[in-house]
Every structure is written in C-alpha cells, then in structure tokens.
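After this come two complexes, each holding subunit A, first together with subunit B and then together with subunit C.
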Partner chain A sequence: MTAGVRYGAIAVALALLATVPLWVGNSYYINIASQILLFAVFALALNVLVGYAGLVSLGHAGLFAVAGYSSALFLQAGFDHLTANAAAIVITLAASAVFAALSLRSTGIGFLMITLALGQIVWGVAYRWASLTNGDNGVNVSTRPAPFGVSLASATSFYFATLVVFLLAFVSMAVFVRSPFGASLRGTRDQARRMNALGYNVWLIRFLAILFSGFWTGVSGILFIYYNQFISPQVAALTSSAEVLLMVISGGTATLFGPVAGAAIVVIMKNVVSAYVERWNLVLGVIFVVIISFMPEGLVPGSVRLLRWLWGGLATRSGASAARPSEELKP
Partner chain B sequence: MTALAVEDLCKHFGGLRVTTNVNLTVEPGERRLIIGPNGAGKTTLFNLITGEIAPDSGAIRLFGRDITRVPVYRRPHLGMARTYQIITLFANDSILRNVTLALLGLSPLRWSLFKDLEQQHAVIERAHAALARVGLGDIADRPLSQTSYGERRRVEIAMALAQEPKVLLLDEPFAGLSIDERRDVRQLLNAIPREVTVVMIEHNMDVALDWAERITLLHFGEVIVQGTRAEVVANPRTREVYLGH
Partner chain C sequence: MMTQITSAQAAILAINSLALGGLLFLLSSGFSLIFGLMRIPNLMHGSFFMLGAYLGVSLLDTGIVIGGTLLPNGLSLFGLTILEHGFTIPRITLVPQVPNIFLAALISGTIVAVIGGVIERFLLRRLEGQVLPQVLLTLGFAFIIADVCLMVWTGDPWQPSAPPELRGAVQAFGMFFPLYRLAILAVAIVIAIALWIMVDWTRLGAMIRAGVDDPPIARVVGIKVSQLFTLIFCLGAALAAFAGVIGAPYLSVYPGLDFEMLPLALIVVILGGTGSLLGTLVGSFIIGFLYNFGQAMFRDLAYVILFLPMLLVLVLRPQGLFGRNVA
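What follows is the complex of A and B.
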C-alpha cells in the first residue's frame, strides 16, 4: 500500500520533470528549472556531509568553483569537452582530498571553520591569481557540449541533459543511503567513538564521504559553467557556500528530497521573486525564519510530520464518529 | 599463551598519575575482575587497553602480539571487544540496527556502496541470533529510544558478544541496574563460552565477587593487590584500601 503510493508519487514526479518544457513553455522558466536541478545536485552532494556525516562544510563553493574553473580553463585552452571535464573531476577529487586531509583534523565548529578558510583560499586564488583565472573578469565558456550528437545549446535540450545528471545523482544518493557504507557513515555521525571501538576506521569513512560529496559537487560545478557559460570568483565566495548550506538545512538534512526542495526554494526566490521584489533577500530570509521556527527539521520532514498529524487528526475524528453510534446502542 | 598482558603501563594527565606501572596478565578463558574505588583509574586502564588513550610508557600484548601502537579500530579485528560504563549506543536506530553495526564493523561489507543493507540476510540473521542470546529477540525492531536502561545494558553486551571476541572487556555492566536486571545480566555473563577471556571492571565489590576467578585491586592508578579471589579477599590491604576500614 505505502510502497504503491511511493512508486506512484515517484512516477508522477518523473512525469512532471520530463514534461517541464511542455507546460512551462517559456525558455526563461525552462532555464530556471535547469538551475534548480543543477543546484539540487550540489545540495545533494553537500547533504552527504551535513546530513549523513554530521560534518557541516562552509567551503563547498570552493570545490564547486575548482570544478567549474578547471573545466572552463581546459576548454579555453582548446581541450575537448570530455577531456576537460574528466580533468576537472580529477582535480576536484584531488582538491576534496586536500580539503578532507586538513579539515578532518577536527569535527563540529572546527571542521566548519577549516572548510570556511579553505573555501576562502579558493576564492582568493580565483580573484587574485589573474594570470590563471582572469581575476574578477572571469572565464567565458564559449560552447556547450553535444553528447551523442545532441547539441545542448537550446534551453530545452540543456534542461534534459541536466535532468539526466540530476536523476543519476539522486539514484546514487538513494543507493548510498541504503548501503552498508551509508549506515557506517551515519554511525560515525551518531557515535564516532563507538564506531572506532567496533572496528570502523572512522577517519577513512569520513574521508571517502568527502570524496563522494566532492565528486557530485564537481559534477554540479561543471553543469553550472555550461549553464552560465561563464564563471567568476563570485561562485567561490562565502555567500555561495552559505546559500547551498541553506538549501540543505531549509529542505531537510539527511533526507533525499530535502536538498532538492531547498534548491528549488532558493533558486525560485533568486530568480522569480527578485523580478517583483527588489529586496528579495529579505523575503528569502523571512521564509527561512518561518521554516526554522515551524519546521526546525526542514521543509520536507516538517511537511511529512504536518501531513501525518493532519491525517491522524482526520482518522481519529472519523474513528470517533464511527464509535459514537455503537455507544448509543449500549443500554 | 597469555590472552592479555599489560606491562609497566604508565599514563598521567598533567600532574595526575592515573596509571602507574600497572602489570597484569590474564590467561585464556580467565574471568578477571578489576576493582577499585572511584577514581582508581579502572576506566582509564580500559581506555589504554583498547587504545582510546595512548600510554606514556609500557606495553599491551594480545596473545603475545604487541598492540600498544595498533589503532583503536584495528583491535576489534584482532579479537578485542568492549562495553561502555556510560551507555554508548545509536539512539536513532533500532536495537537490531545497533547489533548489525557491531557485526558490520568486522565485515568487509562495511565499505560496500552498492549493496542494500536490508538485503544482507546473513548479517541480519546473526544480529537476530545475538539478540536472542541476551533475551531481546522479541523486541529487535524496537527503536532504541523506546527501550529501558536495563535493555540498553543488554544491547551493549549483545553488541560486544556478536563480534565473537577472544578478549571481552566489560566496563561496569551492572551499573544502574535493578536487582532483577542484575540477575539477568549475571546469567548472561555466566553463559559466555569458556573460550572467551573476560575482564570486568566493577566499582561495587559484592556484585561480581563470586563471578571472578582472579581479582586485581587498583587504587590511585596502582595495583595494590592481585591474585585469586580468596587471596585478594583475605588480604588486609583490600579491606584497608577498598572497603575503607
């Protein structure tokens, strides 16, 4: 029954996602849908650390930018898309390993501060090492790739490519969460000391989780430069790291759908509401305060809790009304 | 061959000497009780043996092998398991998942990213068996947050036993239990097979006295008296130091 409902809901969601260009129509909104999906991949990647490892990173925009800049610079140097992106992923994994080696000397606030500092270093390099990164002027990406001969130049084709990558990321997260490795990682989040004493190499588990997170962060960074066809130091800024962290926290950490919902909220606020309200940041802030006040566990788990509560209320009420006649029958 | 040997072990925290030249040998299959008043350094000694704290000097041997510098997470793979005085379990998970994690810790399966843990029937069956052994088979699926303190103590023991250790270290397994629960835990300990060497810390001397074969009495980080149960009980130092009169 519940499994049926779940598969039904997934089928509806897939159908909706696959037909976005049809019912959205306007290419402006199709692009926003692409943006939501690419940031959802980024948020899912960060959620591996924030949600499942209990390690809050404020430097993930740094890894996102490492991937974006690497790919953009290789493309500018004349490499083909496949080589440029493969190199970008390798470089991002190497950067993730460096991030991990340094930041895993600590957990909690210490981890957060070290990742923040590392993110700022990437930003500093992007901003100041102008001979490599072109500084504040950024790097242009002149063409989008054409995988299997399909050009991604149009908004619709790019949307579908992003959707495929998003679905791959989502499925990989679903597999990870159910896997023994996922259980090991959650164990290190809840009782690191116990896990060590049970025979788990806690440090290595966390290190591998950062690489896993770094991989999908890199993929989303590459999607971003193809989407935007431009990258500048702003991408590596602390506000970008904070933004993706807000996506994860507002949507619901340690859930599969939370980061996706969070990405949707932030991207829609940034792009749609900003067209009507100049102080859209204020609106975004109010929304976060409301979410944190009423659903401290995040939008997705909070809504589930609310629905269950409503459903439970209805069920007891109908149960009570069903019970009443039988009571009246009693002498 | 000696199951567990502690040789001239020393540890100090700042000016506080918590472990001073401790020597201790436990034979295979032995039931060893480590007693001592509060602050005697019993739990520190366990933390040194399991590697959670690095000693200043001295050595620890497990079946002859020097494990002094072996990382904490390697020691369970060599046959060492422990329980905690302060219950250290996974509060968000079911009892079954707690024990499954203990089993997974020694299995290469723990690195697997492409398998579904729910489908690992062999491991889950073993977890069920471990829970049945401590009398929690019926409530295996209950969330840990809905269990009593006594049940959690038994989950602690089930997790250690599930790993089928050669040397089992029990840190005050009776702490905070009612008389009935103590009797249950006692029966559980009696049922541990003879191949397993068991070292138990106990603050209260009466609780496990008749369980022990040999007793080590710690006081201010030093071994004061060591020997068979009868020897230690008869020793005047025991009464003086431990019982306080």
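What follows is the complex of A and C.
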C-alpha cells in the first residue's frame, strides 16, 4: 500500500468515525459505537502483551476492574472526577506492577496461569469484600464528568469523548510500535536469549510493556464505568478476560487494526446474540472452539479462507500456518 | 477486621480444611499430571468438577434422563415464527438412579472421563505443540460446559444429603466432628496413596514419569506417549468429577463453582510445583486451611490471604515447593 492510499484510507476512517452520530441517529446504536471504541482501547492494551510481547494474559479484566472500582469508589466518597481518575490510574499502575512482578517470574504458560490466578483474586475481592465493594450489588456512578465545561451526559457527547480517548490510545500504540522500545519488545518476544546476550534487560522491557498495557487498560476501565455508570464483580470475571482476548485474537494479533476490528466484531455479536438468546457464554465458547479449530489465523482472514475453500476457489489449506502469535510459548 | 474464633470453632474449621484439602488434592492432582505430561493448563478442569457434581446430583436424584420438551415457547428469530410450539422428545433413562453417593461419583467420573477423552482425542490432539490454541480451546469448552449446565440444572444450588450412615458426628476430645467430612478426607487419602503407588511403583507410572521428563526420548524408547496423553487426560477428568460429586454434600453445586475451583487448582499447582504429586498434596492442604480459616477470621480478605503463599513461593521459589525446575 502506497503512502498516499494509506493516508487516504486513514482520512476516510477518521471522517467516518467523526460522523457516526450523524448517520446513525438512534442513541442505542451510538452507544454501541461507544462500547466498540472503549473495548477497542482495552483490546489495544492487551495486544501490547499478546501480540508484541508474546505474553498471553488471562487476568486483564482484573486490571480493568481495579481501575473501574477505584474510580467509582473515589467518586462515591465525594472526590471530584479529576482526582478520582488520577488516583484510579495510579492504583492501576501499582496493580500492574504487582501483576508484572509476579507473573514475570515465568513466561509462556506459567505467565498465563499466574495472570489467570491474579485476575480471579481481584474478582474474589470484588465479590467478597462487600464492605468495600458492595459485593454483588456493585457500585453506582451517579454522574459523568464535564471536561472543559462540556457535559458528557448524552450518548453523542459521550461518543465523542470516547473517540478522542480512542484516537489518543491508537496514536500512542502506533508510536509505540514504531519506537525503539517497541522493536526491543518484539525482540524479547522472538529471541529473548539473543536480546539478553545483546545486553538488553529483557525483564525490564517486559515489565515496562505490562505497565504501558496496564495504563491503557486502566483508561478503558474508567471509560467503562462512565459509560455504564455502574460496576459489579462480573466485570472482573474470567469471562471478561476471555472476551477481550477473543477481540485480540479474532482480529489478528500484533497488528494495530486487528484489535479494533476484533472489538467491533465481539461487541456487535454480543449485542445481536443477547437480543435473541440468553446464551452469550455458550456462543462465546463455540466461537473460541471454532476459531481455534478451523481458523487459527484469526476470524477475518479465517472466514475469507473458509468461504473460498467452500466455493472450491484458489485457497490452499496451507494458509493456516500464517500467523501463530507465540512461538515463544512452545516449551 | 479480624474475628476471634474459639478452640471448638477452630477444630471444626480444621476438619473442614482437611476435607477441602482432600477435595482440592483430587482436583489438582489430575490438573498437575496433565500439565506435567502434556504441558497444557487444562482450563476445563473446574468445569469437569462442576459437571461431575451436577451429574452425581442427578444420579442420586432421578438417574440420568434425557428428553422432555424442547423450546416450550416455540422459536422466532427476527420476528419470524419458525416453530409454533416446542417439540417433545420421549424421556429415556440413560443411567438409572443410584442409591449411594460413592457409586454415583464413580459413574459420574466415568462419564466425564469419556467426555474429556473425546475432547482430547479429536480436538486437542490436532493442536499438538501449539500451546496457546490448546489453552484457548479448553477455555472455550469451559464456557460451553458452564452454559450447558446452567441450561440443564438451572441457576438454583443443589445440595445432596450425605449418605445416612455418614450423616452424624463423631465425638472425640469432647467435641463433635461431622462424619462425612472425615469420610471425604479418608477417600482422598486412599486415592492419594493409589496415585502414588501408580506413579512411583508401576510400569505405567514409569512411563508417565518418562513422558513428563522428556517426551521425545520417551517416544524413542517405545513408549506410546500419545496413548498416555489420552489416558492421563481421562484420569484427570475422572478425578475432578469424582471430587465434585463427593464434595457436593459439603460445598453444594451452583453456577460459577467451576471458575471458583479452577483458580484454587492453579494456586495449588503453582504452590506445589507442576507434575509433583507430593507438592500437590501439600499445596492442597495449605490452601484448604488458608481458605477456611481465612474466611472465618478475615471474612472480607479471604481471597487476599490465598494470594499470599502464592506470592511468597513465586518470589522465593518460582518452580514451586516441590517442583524440580521451571519448564
């Protein structure tokens, strides 16, 4: 793709995103667009680890919930939005540092197991520590903030605020991927030993990547509680971690647009499915099994390949080996 | 924040801890063997526990019966009526009602072993060597099993009663100990000894240990590692389901039990070291005690207390208390 075409495509995408409330109209659909963007921020954050660091976390909903709960509880205690959110981000970064310090004792499967256990502990605290978190009843967030005097109470204004945050996150990811730090992170994913031999501090690079991921996870967690104006332990459940992981792998890992597409697919599917059947978890499980068994390269390229194959076209089955994100995971 | 407990309460908590430790051992030993041998963290393991428990409850209640009315309200999609009424499938009793909980546990263990074996043989096997897809596949099945259980057994908790001859309490040292929880512990100890004999003293055990240590060489010397994988996977599934059934009168069965047990198994294995039966045993009882005493004494922070030994072990001895070295 030439630079001109690329900039053109980006300009069209931006124009489309900026005018969503105009051509969508109905506030129900504007809200779904906000959901897609906020989960896209979350998926981009997880993709830093899954895609670029080769570290698969199944505890990210824990960090997301830490940010959401911190902010909601500070707001409930009467702090203003800026203080509450700043404190929530600091707490989330601290939690990310703890997650990182523990889970980086291991890589590959060990990392995945430890993050899963840590995520479940956050869920357990949210669920059982009722005097702090109000247990299963959750915490209400009564107001949305009004940055620079613009109220975010309506669906449209909230959409634009989410869009601004999303664009910031996207740009920061693009800068990160092209930066020397991004390159060294990919180096630790592909050749950890060589990176070590070259004098890079592999542990520190991974640690910083987890903090970076934790920061944007925290931001998306705060967006989430403002969007929903409510948080409950369900947010920290393993299902949530799995959903966001599904966003990352369904769109294609280690790409900038993959997690965004994945977030759109999963959010739309969840809303459509939930409208007709109550069995979202069943559908989520079946999607996982189908993706893993039949389209390991991701949902979008996989569907294309399967369709071609069904029509007996050009496809060869060797396409399956295209993108296995984590050679590192092989023991 | 801390609640004082009397010595009588402490004794009861200790018995509960031993019973929970026994159940955790049955759950985690299979998890640990599967992980040690196949290098798959089987995220379905908690689901096997819950599915087994539900099957056991049904076996004790009515036997396993399929049939009944499907979609009683008909089906309509996008405003189109596809089915006016539901349809009825004749009820067929697959397994008759059983009177004894241990028999129910054996039958349930067998059924879940078959389910696990099918998933391993036909789906996990195709992904050999690709760890991430394997993990995600087991996670997908965990969600499917959770939702199917919710559909079949509804959201209400089930708690079968303990068998009549084990319902009472024994008196010792001037205190009463619930008999059934001691029975759980006894069964767990018997199975632990059987597993230990199997792994350390039999030919099969030698093959398993060889497979854990070095799968390629084990293959070279003629061990059918792939059959061993299926066998261990079925055994692990059966142990988890068995534990679910015998634990049901104590823990009861409810939606979400699967993802409550799974992290406990993970923590036990992180504590004890993967592939080590002794480590799993010790880890199970540590977690059993911390869980019960933690909930009684620091009600709000019970989960944080579970996390502390894991933190210590990861910082000081990342391979686990009895693990050899990091995989």
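Assume the second predicted complex is superposed on the first by the 276 of 331 C-alpha atoms of A that agree within 3 Å, B and C clash if a C-alpha of one lies under 4 Å from a C-alpha of the other, contacts with A are read in each partner's own complex, and residues count from 1 in each chain.
To be clear about the criterion, a residue touches a chain if its C-beta (ideal position, glycine included) is under 8 Å from a C-beta of that chain, and two chains touch if they have at least 3 such contacts.
Predicted model, so just to flag it, every value in this text is computed and none were measured.
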{"item": "Touching partner for A:164 - first (subunit B), second (subunit C), both, neither", "value": "neither"}
{"item": "Partner chain in contact with A:200 - subunit B first, subunit C second, else both or neither", "value": "first"}
{"item": "Partner contacting more residues of subunit A (subunit B vs subunit C)", "value": "C"}
{"item": "Contacts of A:153 with subunit B and subunit C, given as first, second, both or neither", "value": "neither"}
{"item": "Which superposed partner A:90 touches (first subunit B, second subunit C, both, neither)", "value": "neither"}
{"item": "Contacts of A:16 with subunit B and subunit C, given as first, second, both or neither", "value": "neither"}
{"item": "Contacts of A:174 with subunit B and subunit C, given as first, second, both or neither", "value": "neither"}
{"item": "Touched partner set for A:310, first subunit B, second subunit C, both or neither", "value": "neither"}
{"item": "Contacts of A:114 with subunit B and subunit C, given as first, second, both or neither", "value": "second"}
{"item": "First, second, both or neither for A:190, with subunit B first and subunit C second", "value": "first"}
{"item": "Subunit B - residues contacting subunit A, complex", "value": "50, 52, 71-77, 82, 84, 88-93, 97, 100-102, 104-106, 109-118, 120, 159, 163"}
{"item": "Of subunit C, residues touching subunit A in the complex", "value": "35, 39-41, 43, 77-78, 123, 126-127, 129-133, 135-137, 139-148, 150-151, 259, 262-263, 266-267, 269-270, 299-304, 306-307, 310-311, 314-315, 318, 326-327"}
{"item": "Residue ranges of subunit A touching subunit C (in the complex, touch as defined)", "value": "56, 58, 102, 105-106, 108-110, 112-114, 116-118, 120-121, 124-125, 128-132, 237-239, 242, 245, 249, 276, 279, 281-282, 284-289, 291-293, 296, 324-326, 329-331"}
{"item": "Residues of subunit A touching subunit B in the complex", "value": "175-176, 178-184, 187, 190-191, 193-202"}
